[in-house]
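Before anything else, here is the set of structures, which you'll find just below.
Two complexes come next, and they have one chain in common, chain A, joined by chain B in the first and chain C in the second.
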Partner chain A sequence: MGELQELARKLLADGAVKVVIGYEEGPRGVRPAFITTPKDADRLVFDERCVHNLTMYLTPTRKHIAALGKPAIIVKGCDTRSLAGLIRQSQVKRENVVVIGARCGGVLKDPSVKAAIAEDTVADRCRGCTIREPRLVDHLVGEPKPAPPGKSLVDQKIDELDAMTPEQRLAFWHEQLSRCIRCHACREVCPNCFCVRCLADKAEPLESSAHLRGNMAWHMVRAMHQAGRCVDCGECERVCPADIPLRLLNRKIARVIEARFGHRPDDDPESTAPIGSFQPEDGQEFIR
Partner chain B sequence: MTRKAFITESDVRALAADLIAAGTRVVAPGRVGTPLGERIEYRVANKVDEILLGQDEPARSLKDFFLPPTDVILAWQEKKDQVELTPVSSTFAPQVIIGAKPCDAAALEIVDKVMDWDYHDELWFGRRAATTIITLACEGGDRSCFCTAVGLEPSGTRGSDVLLTPAAGGYSAEILTDKGEKLVAAHAVRFGADKGADEARAFAEKGRKRVDANLGLKPAEVRKWLAGHFDDAFWKSIALACHGCGACASVCPTCHCFDIVDECEGLGCGVRRRNWDTCQTAKFTMHGSGHNPRADQSSRMRQRVMHKFCIYPERFGEILCTGCGRCARVCPGGMDILEVVSKVNEMACGGAK
Partner chain C sequence: MAETKILAFVCNWCSYGGADNAGGMRLKYPADVRLVRVMCSGRIDPVFIIKAFERGADGVIVSGCHPGDCHYTAGNYHARRRFAVFRELMIFMGIDPRRVTFSWVSASEGGKWRDVVSETVERVRALGPFEGYRGLTGRQHG
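And now, the complex of A and B:
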């Protein structure tokens, strides 16, 4: 039994937690796992196929997970930014969860096939990874790994879009968003989408129909609500059944927020974010 | 009344070209480029070389062309103190689907039952009547395929007007319906005398064996078990990873639920639309009072399995699943209907084998 499995077994056997949220082998590759008994701890796996950001299972919207009792959760360095965000936004109490950090050298862009991390196999969001040693953890497992290789292609694509005329850019987004079928899977997997009642689930003002007008409204509203909060975990883009390049939207807004407010969502629950904090010296030129 | 013929691949394309030139809408698998890579979808073919006659499964089913994700069902206009309603036409221009998957063609017949149950769905049947389906036999898909476990075949003819099965130099063509006969007669020059029937049979047998290996099911036993285990602890265990996103339902060829909304298109006028909906979301059963009879994700997942393998079979004598495997391929939580139904089957047939 490996280090991770042994730790999970002990946490469950000692009664420190009631469930360990991690990863297991499924019929089509690695998938989220909910281990509730010590004997099942050896089902846990952690490798470069573990693309999922599991922290959304800690949000109050997941009543069926909360009902299992106190959780331990396996997080990658990048996931700790989501966790910090949830703590910052009063969705998770740090003391109510045992955090197991897993050292990570990047995850695969196609996790359905086992492969080594290399420039052409690594997920784009891993490029330029800033959290090599997760800090917001109670336990840390695995050996240190080299930083994921390469430079983000999403940033390149954003530069291309920025260089377009507004008409060209609009045409690009019309083409992308016309594919949306309004399943809202992007919302359901997002650790930041913990609203008890989403605007999109109300009859007004956001149209629920999968026409371009409704799709544009939905994705703009969602992107704006992610401003200063999105950690670019890429889950929305991964799960989209229509392959809409949602990271382009989220990352573009993150870049604007960083340029204007000097803020990048980090792994510190105490840091302040532009949305959710107030400073009298705020410039607020955008209102004038 | 079925008869057999033969068609070469270039003649299939020539047939498509003739149809497109004549202004008939042709729908076929094709590549859709996105910044995230290429995907294969059923799409309206504007040019013949866009048509893929391969074995790859389109990411979404044929449902989109009969029950679109959003569809206008009437228009309304305020007139003083009255509201004038204008229904939409339920007569549609002819369309021909080329290269349908057998499971997707069969799904249409399965869904026909509910669409002609407590009311006759004019839009569904209008599109059904206008559509001729040329299906391409399947070599057996991947590990998530289980059509044979739900009474279908990778070379099955159900729901198809013409079935093409690969044979040396082209396809053995089985003409199955009057609609199919009409299409073939109108393009007789594209079809030759029957040949390759033995090869087609061998292809079908190979495909069946391949899918059979994925899952064996006793549907009657499964139905009985489900009917008697509404409160089984099993349901709590299977939905933990479920996000309730409903991506499964959106790619499902047989999920057919819809919501109805009114939307303004200007001052005092608008349209009524029906939009895909799914039992996997909390909103689906949310009452106006705030009470939700399906309060958690496990009860929603149970509903999905129950409806497909118990409720629909009881009401219509059909399993509401074609075993196409799309829901498993698309699930962000790694949930797998084959795995779930396989476990139910084990319990129904007296424990693990």
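And now, the complex of A and C:
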């Protein structure tokens, strides 16, 4: 039994937690697992196929998971930023969750096939990883791993789009968003989407039909609601059945916020949210 | 005769007063604009702007109190950050930012209100009706 499995077994056997949220082997790669008995702890796995950001299971809207009792959760370095966000937004109390940090060397672009992390197999969101050692944790498992290789292609794509004419950009987004079927998987998988009643589930103001006008509105609103909170975990883009490049929107807004307000999503639960706070001297060159 | 439809979201305390002031001063400006009074510019959700375009507006004006003048102390500061981001998002999506005017108009600035409306109307008339947005409902798949 490995370090992670032994730790999970001990936490469950001691009664320190009621459930360990982690990863297990599934029919197509790994899948999220909810381990509630010590003897099941050996089902846990952690490797480069563990793409999921499990912190979304901690939000109070997931009542069926909250009902299991106090959780321990396995997080990668990047996931700790989501966790910090949930604490910051009063969705999770730090003392109510045991955090098991797993050292990570990047996850796979295609997690259904086992492969080594290399320039062409690593997920784009892992490139330029900033949190090599998770800090917001109670336990840290695994050996230190090298940083994921390569440079993110998202920033490059954003620069390309920025260089286009407005008509070309509009055409690009029309092409992308016309594929949206409004399944809202991007919302369901997002740790930040914890509203009890989402705007998209109401008759107004968003059009719920999957036509281009409604899709434009939904994706703009989704991006705006993520502004300053998105940690670019890339899960929305990964789960999108229509392969819409949602990270472009999230990342674009993150870049605007960093340029204007000097804010970058971090793993500190005490830091201030850029939208919801202000400085009297904020730029207003666009205001008449 | 109005040629375009401009929807203006104005805050109750300053910009609505500013528009009222323009009326009181008998200032003339194009009749293309329709006002929606909200309690504060901080109340104006970016989705209002999207909705306006969906329902046939060709341009939108968002107006609130000058920084420091907000009736609720800080509503306009919050709005300023939000719209700074939303404007960039619109540009990134390919929506012409010239269709949206953000402004600070105080209750005594009837003249400025006239200027804001006149300039916006002039710009939006030059751009023409925003059919490109409200007409997006056709069957787009396959």
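FYI, the second predicted complex is superposed on the first by the 277 of 288 C-alpha atoms of A that agree within 3 Å, B and C clash if a C-alpha of one lies under 4 Å from a C-alpha of the other, contacts with A are read in each partner's own complex, and residues count from 1 in each chain.
The working rule: a contact is a pair of C-beta atoms (placed from the backbone, for glycine too) under 8 Å apart; a residue touches a chain by one contact, two chains touch by 3 or more.
Because the structure is a prediction, the values reported are computed rather than measured.
Colleague: Mind checking chain B and chain C on superposed chain A, clash or fit?
Modeller: Once both complexes are aligned on chain A, chain B and chain C fit side by side.
Colleague: Touching A:211 in the superposition: chain B (first), chain C (second), both, neither?
Modeller: Both: A:211 reaches chain B and chain C.
Colleague: Taking the superposition as given, does A:63 touch the first partner, chain B, the second, chain C, both, or neither?
Modeller: Touch partner of A:63: chain B, not chain C.
Colleague: Have a look at where A:195 lands relative to chain B and chain C in the superposition and call it first, second, both or neither.
Modeller: After superposing on A, A:195 lies clear of both chain B and chain C.
Colleague: Touching A:253, do we find chain B (first), chain C (second), both, or neither?
Modeller: Touch status of A:253: second partner only.
Colleague: With both complexes overlaid on chain A, does A:276 touch chain B (first), chain C (second), both or neither?
Modeller: The second partner, chain C, only.
Colleague: Regarding the shared-chain residue A:261, is it in contact with chain B (first), chain C (second), both, or neither?
Modeller: Second partner only.
Colleague: Tell me the contact category for A:235 with respect to chain B and chain C: first, second, both or neither.
Modeller: first
Colleague: Of the partners chain B and chain C, which touch A:220 in the superposed model: first, second, both, neither?
Modeller: second
Colleague: Using the superposed model, measure off the angle between the directions from the CA centre of chain A to chain B and to chain C, in steps of 10°.
Modeller: Seen from the centre of chain A, the opening angle is 90 degrees.
Colleague: Between chain B (first) and chain C (second), which, if any, makes contact with A:171: first, second, both or neither?
Modeller: Second partner only.
Colleague: Using only CA atoms and the superposition described at the top, report the least gap between chain B and chain C in Å.
Modeller: For chain B and chain C in the superposition, the minimum C-alpha gap reads 5 Å.
Colleague: Intersection of chain A residues contacting chain B with those contacting chain C?
Modeller: 179, 207, 209-211, 214
Colleague: Where on chain A does chain C make contact in their complex?
Modeller: Touching chain C: residues 158, 161-162, 166-174, 178-179, 199, 205-207, 209-214, 216-217, 220-221, 223-224, 227-228, 249, 252-253, 256-257, 260-261, 274-278, 280, 282-284, 286-288 of chain A.
Colleague: Going by the contact rule set out above, which residues of chain A touch chain B in the complex?
Modeller: 26-34, 52, 56, 63-65, 67-68, 157, 176, 179, 181-185, 187-189, 201, 203, 207-211, 214, 235, 237-239, 241, 243-245, 248
Colleague: Quick check on the complex: what are the chain C residues that touch chain A?
Modeller: Counting only chain C, the residues touching chain A are 46-48, 50-51, 54, 67-68, 74, 77-78, 80-97, 101-104, 116, 119, 132-134, 136-141.
Colleague: Please output the residues of chain B touching chain A within their complex, sorted ascending.
Modeller: Going through chain B, the ones touching chain A are 32, 34-37, 39, 59-60, 69-70, 143-144, 236, 239-241, 243-247, 249-251, 259, 261, 263, 273, 275-276, 278, 281, 283, 295-298, 328-330, 332-336, 338-339.
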